[in-house]
Amino acid sequence: MIMIFGIPGPLLFGQLLLGLINGAFYAMLSLGLAVIFGMLNIINFAHGALFMMGAFVAWMLLNYVGIGYFPALILAPLIVGAFGIVLEKTIISRLYKLDHLYGLLLTFGLSLVIEGLFRNGYGSSGLPYRIPAALQGAVDLGFMFMPIYRGWVVLAAAVVCLATWAVIEKTTLGATLRAATENAPLVQAFGVNVPRLITLTYGGGIALAAFAGVLAAPIYSVNPNMGTNFINTVFAVVVIGGMGSILGSIVTGFALGVVEGLTKVFYPQASATVVFVVMVIILLTRPRGLFGKAA
Amino acid sequence: MFGFSRPQLIAFLVLLVLIVFLPFVLYPVFLMRVLCAALFACAFNLMIGYVGLLSFGHAAYFGMGSYVAAWTMKVWHVDASIAIALGGLTGGILGLGLGYLAIRRSGIYFAMITLALAQMVYFFCLEAPFTGGEDGIQQVPRGFLFGFINLSNDLTMYAVVAVVFLGGFLTIHRIIHSPFGQVLKGIRENEPRATSLGYRTDDYKLIAFVLSTTLTGIAGGTKALVFGIATLTDVHSSTSGEIVLTTLLGGLGTVFGPVMGAVVMTSMENYLAQFGAWVTVTQGVIFMICVLAFRRGIIGEIGNALKLKL
Amino acid sequence: MNVSRRAITLGGFAAAAGTIAPLTAGRAQGKPTLRVGCLTDMSGPYKDLAGPGAVSAVKQALQEFGVAGKGFDVEVLVADHLNKPDVGTTVARQWFDRDGVDVIVEVANSGVALAVANVAKEKNKVYLNTGAATSDLTAGACSPNTIHWVYDTYMLAQSTGAAMVKSGGDSWFFITADYAFGKALQRDTTDFVTNAGGKVVGSVTYPFPGTTDFSSYLIQAQSSGAKVLGLANAGTDTINTIKQAKEFGIKMRLAGLLLFLTDVHSLGLEVAQGIVLTDSFYWDMNDRTRAFSDRYSVNMKGTRPTMVQAGVYSSITHYLKTATAMGIEKAKLDGAATISAMKAMPTEDDCFGAGSIRADGRKIHPSYLWEVKKPGESKGPWDYYKAVASTPADTAFRPLDKGGCSLVKA
């Protein structure tokens, strides 16, 4: 057996692959955060709570209405996205002229409310959500047993991330968006409804989080705390990648998943902390993040 | 005295009277909890309110202060005054080290770096054997003050906590109204201008940070003595979040705001403890209302209505 | 009976009048009031296995004991310890000092449990723990004011560990939560496994709380070649580990070192089938447990009680018997004396049958090894376990002289 750093090679490959799967979630969540930060200048602390809502809506669709996994993959993001739009219209839009900190504090409060409500309603020991029949089973890769569903998660995440990146970087809509970020009054003068654009961006970012939530539902039990467990890491990803950088958050998301996966082999206790070590190092050496533009 | 304006002096005297007489009416242990939280909030307010830097990791200093005081008290059987002082010293030294790294960044990056450093401190506390993992350091004796004052009585302990709180409160007030404090406010309003006037702003920020973390460590150490326990909760990021809420609720950058915030938050936690998750829901709602409707906080809004600086 | 939800009265200015008054008023009327504080997890990971069900069990015990005709009142107070030892001590102190609570029951979470034990001892009150796992409560941290009612890490480790080795599971790998309880569980189980001739080939300790993805640890376990995977964790973590073990096709035998009925319910039989676990109570054991559970279900929307909730019922019933026998006023006055009287009287109730309490505060009864049924074997809702083995009461727990409890005379 090949040994790498005293670890059997197959085990290490397995860990790399698992890291990539977790990285897929980080990438999707941090992508939404980055888009929202880029457009709205809001640090959306409620992102984790909305991710959790995505999973819960999928669960509710199944148990109350009888709608299965694949339709939920479309419907849940739409529903939660619409909820996000309402939030933006009613609450968040009042903060644009203020310091970042107020946005952070408001959305922090928002996440407490959402999580608390779900905890009251559904307890916190988690609700089961089955893997859809079409994606059950596993493939033997030789060095590890790969559940088909996990493979599907990486694939779906990669497609969604690339699509989002393409929309923002390669389409007219994306160009308008980026222009509005740079100089909103000017874009408005060209006849673009900038507030609506902002609202839709927020809704879009939230829908991404909810999409990730639905993907996560069959893997973890649907649990009011599932967002809290992710949110700190995802923040670190956004900061490391460069606040507001789309590509940065995708690449960093996958990369940090791998770093975390390797830590789980060498020093498992530290696997939740390693991202913060990376974050401090990056902030001290490249304050704008790996992919961020200079201010 | 201490640079109090007339209305502030009146407010301070009211506070003093309440501190002296309330323990005879209300449960002293509850009041001690309020005072520890109030000192913590005042120390935190020194950074956010007067330097304009939001630290999202103040629990690290509170928790470490609490652990060190508890440990020295339980294992070395030191005097209560020494334990509290060591708590403060721990906060200060940790603040010097971490602050040295953190003050190089400002705004949201400062918040993020303090958060990350605090997470590392949390990890240290989780792994280090002396903290006792999730059991914490329990059965910490209150011991004696200056060798002869027995603190096991709640009212005696209360008197000590009240003195520690007032000492910290007045120190902070003194700092703010010193020339040093004026420079801090100058940095908050316009850092490049302060730099161009020849002030080494980084040094000022670092000193302010260390002062803040020292007082935070004292608050943590006192808390450990009062309740006889130091736990991971004290270093956890939720404590960092709570102190932000406390200060915001009372009024950022006001003298009495953090105290008011601590009173309201602690009472609320106390009253809502039976309702389970409703605590977080209520806190969240208050947080949102604060940010949306009265960003000045309770004391800030009262001061604004009365056209006074409180 | 007066069951109120006034847990910790408003800490603000209104509190003073409302809380001091009843203490004196009660005696003046000549009808004493016992105050029972149920301190539990109402919102966190142990909500389902203890929480509201435990509160309901307290009320059921009061009702079935028939407090009304006995010449005293009982008031129930409820609080959430949020799984924080400091919250636990604060509430306990406040209850004893200010609200006149005489007995605290439940307290799932070992850290909080130890903290509350200290306060109960300091204030000389009664503390009946049913939810915590740590065997320290009857060892180094034992107290004349504490009874540990249902189970502990020693009991779990012995029953599950030794039985697995006996049936061929002689090599183990542990997935352990990085906190005192997880480590204690691993340590105790390791002793039994090695004593029975098995060996532990490896273990991995993961960050707690906050870990949701266990796949990495499962792969490490699989590649170790061990036959048995010991899960030294609890609640949601155990649930997630088991689910993911199934997903990744882990072929090891799973040993749930601390798994409750509600966890199995949440997992579903499809995923949980075949897991071996230890509980000291199961609702479908005999006619008496079934009768008790039926009465419990009426108040709890059809759910079945866990051993922790059954323990709350059992312990409060025994406490009421003792308090009535020795006189309410006397029981209120001296917690240690009440506990001594409880130890002197044999226990008897629907949940655990006949039992007794040892000098170190350990309530003893048999422990049972269960296997989770296959979906096909289950005849109805909550029909989850089939019996595998049992350990008699006198050997189910750590021998009296091995714990190092100061209350045990050498």
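Each chain gets a letter, A, B and C, in the order it is written, and its residues are counted from 1.
Basically, a contact is a pair of C-beta atoms (placed from the backbone, for glycine too) under 8 Å apart; a residue touches a chain by one contact, two chains touch by 3 or more.
Bear in mind that the values here come from a model prediction, so they are computed numbers and not experimental data.
S.K.: Ignoring chain C, what connected groups of chains are left?
M.R.: So the chains, chain C excluded, remain one piece.
S.K.: Measuring between mean CA coordinates, which chain is farthest from chain B?
M.R.: C
S.K.: Measuring centre to centre with CA averages, how many angstrom lie between chain A and chain B?
M.R.: Centre separation, chain A to chain B: 33 Å.
S.K.: Quick check: how many Å separate the C-alpha centres of chain A and chain C?
M.R.: Result: the chain centres lie 38 Å from each other.
S.K.: Which positions in chain C touch two or more other chains at once?
M.R.: Correct list: 43, 47, 178, 207.
S.K.: Please set out, as single numbers or ranges, the residues of chain B touching at least two other chains.
M.R.: Residues 126-127, 276-277, 279.
S.K.: Can you list every residue of chain A that touches 2 or more other chains, as numbers and ranges?
M.R.: 119-120, 269-270, 272-273
S.K.: Under the stated contact criterion, what part of chain B meets chain C in this complex?
M.R.: Answer in residue numbers: 25-27, 29-30, 33, 126-127, 132-136, 138-139, 154, 227-229, 231, 233-234, 263, 266-267, 270-271, 273-277, 279.
S.K.: Can you check the complex and tell me which residues of chain B touch chain A?
M.R.: Residues of chain B touching chain A: 54, 101, 104-105, 107-109, 111-113, 115-117, 119-120, 122-123, 126-127, 237, 241, 244-245, 248, 276-281, 283-288, 290-292, 295.
S.K.: Provide the residue numbers of chain C that touch chain A in the complex, in ascending order.
M.R.: For chain C paired with chain A, touching residues are 43-45, 47-49, 178, 204-207, 210-213, 215-217, 219-220, 222-223, 235-236, 239-240, 243-244, 247-250, 262-263, 266-268, 271.
S.K.: What does chain A use to touch chain C in their complex?
M.R.: The contact residues of chain A facing chain C are 8, 10-11, 14-15, 18-19, 21-22, 119-120, 123-128, 131, 138, 144-145, 147, 149-150, 219-221, 223, 225-226, 228-230, 261, 264-265, 268-273.
S.K.: Quick one: in the complex, what on chain A touches chain B?
M.R.: Going through chain A, the ones touching chain B are 43, 91, 94-95, 98, 100-102, 104-106, 108-117, 119-120, 232, 235-236, 239, 243, 269-270, 272-273, 276-277, 279-280, 283-284, 287.
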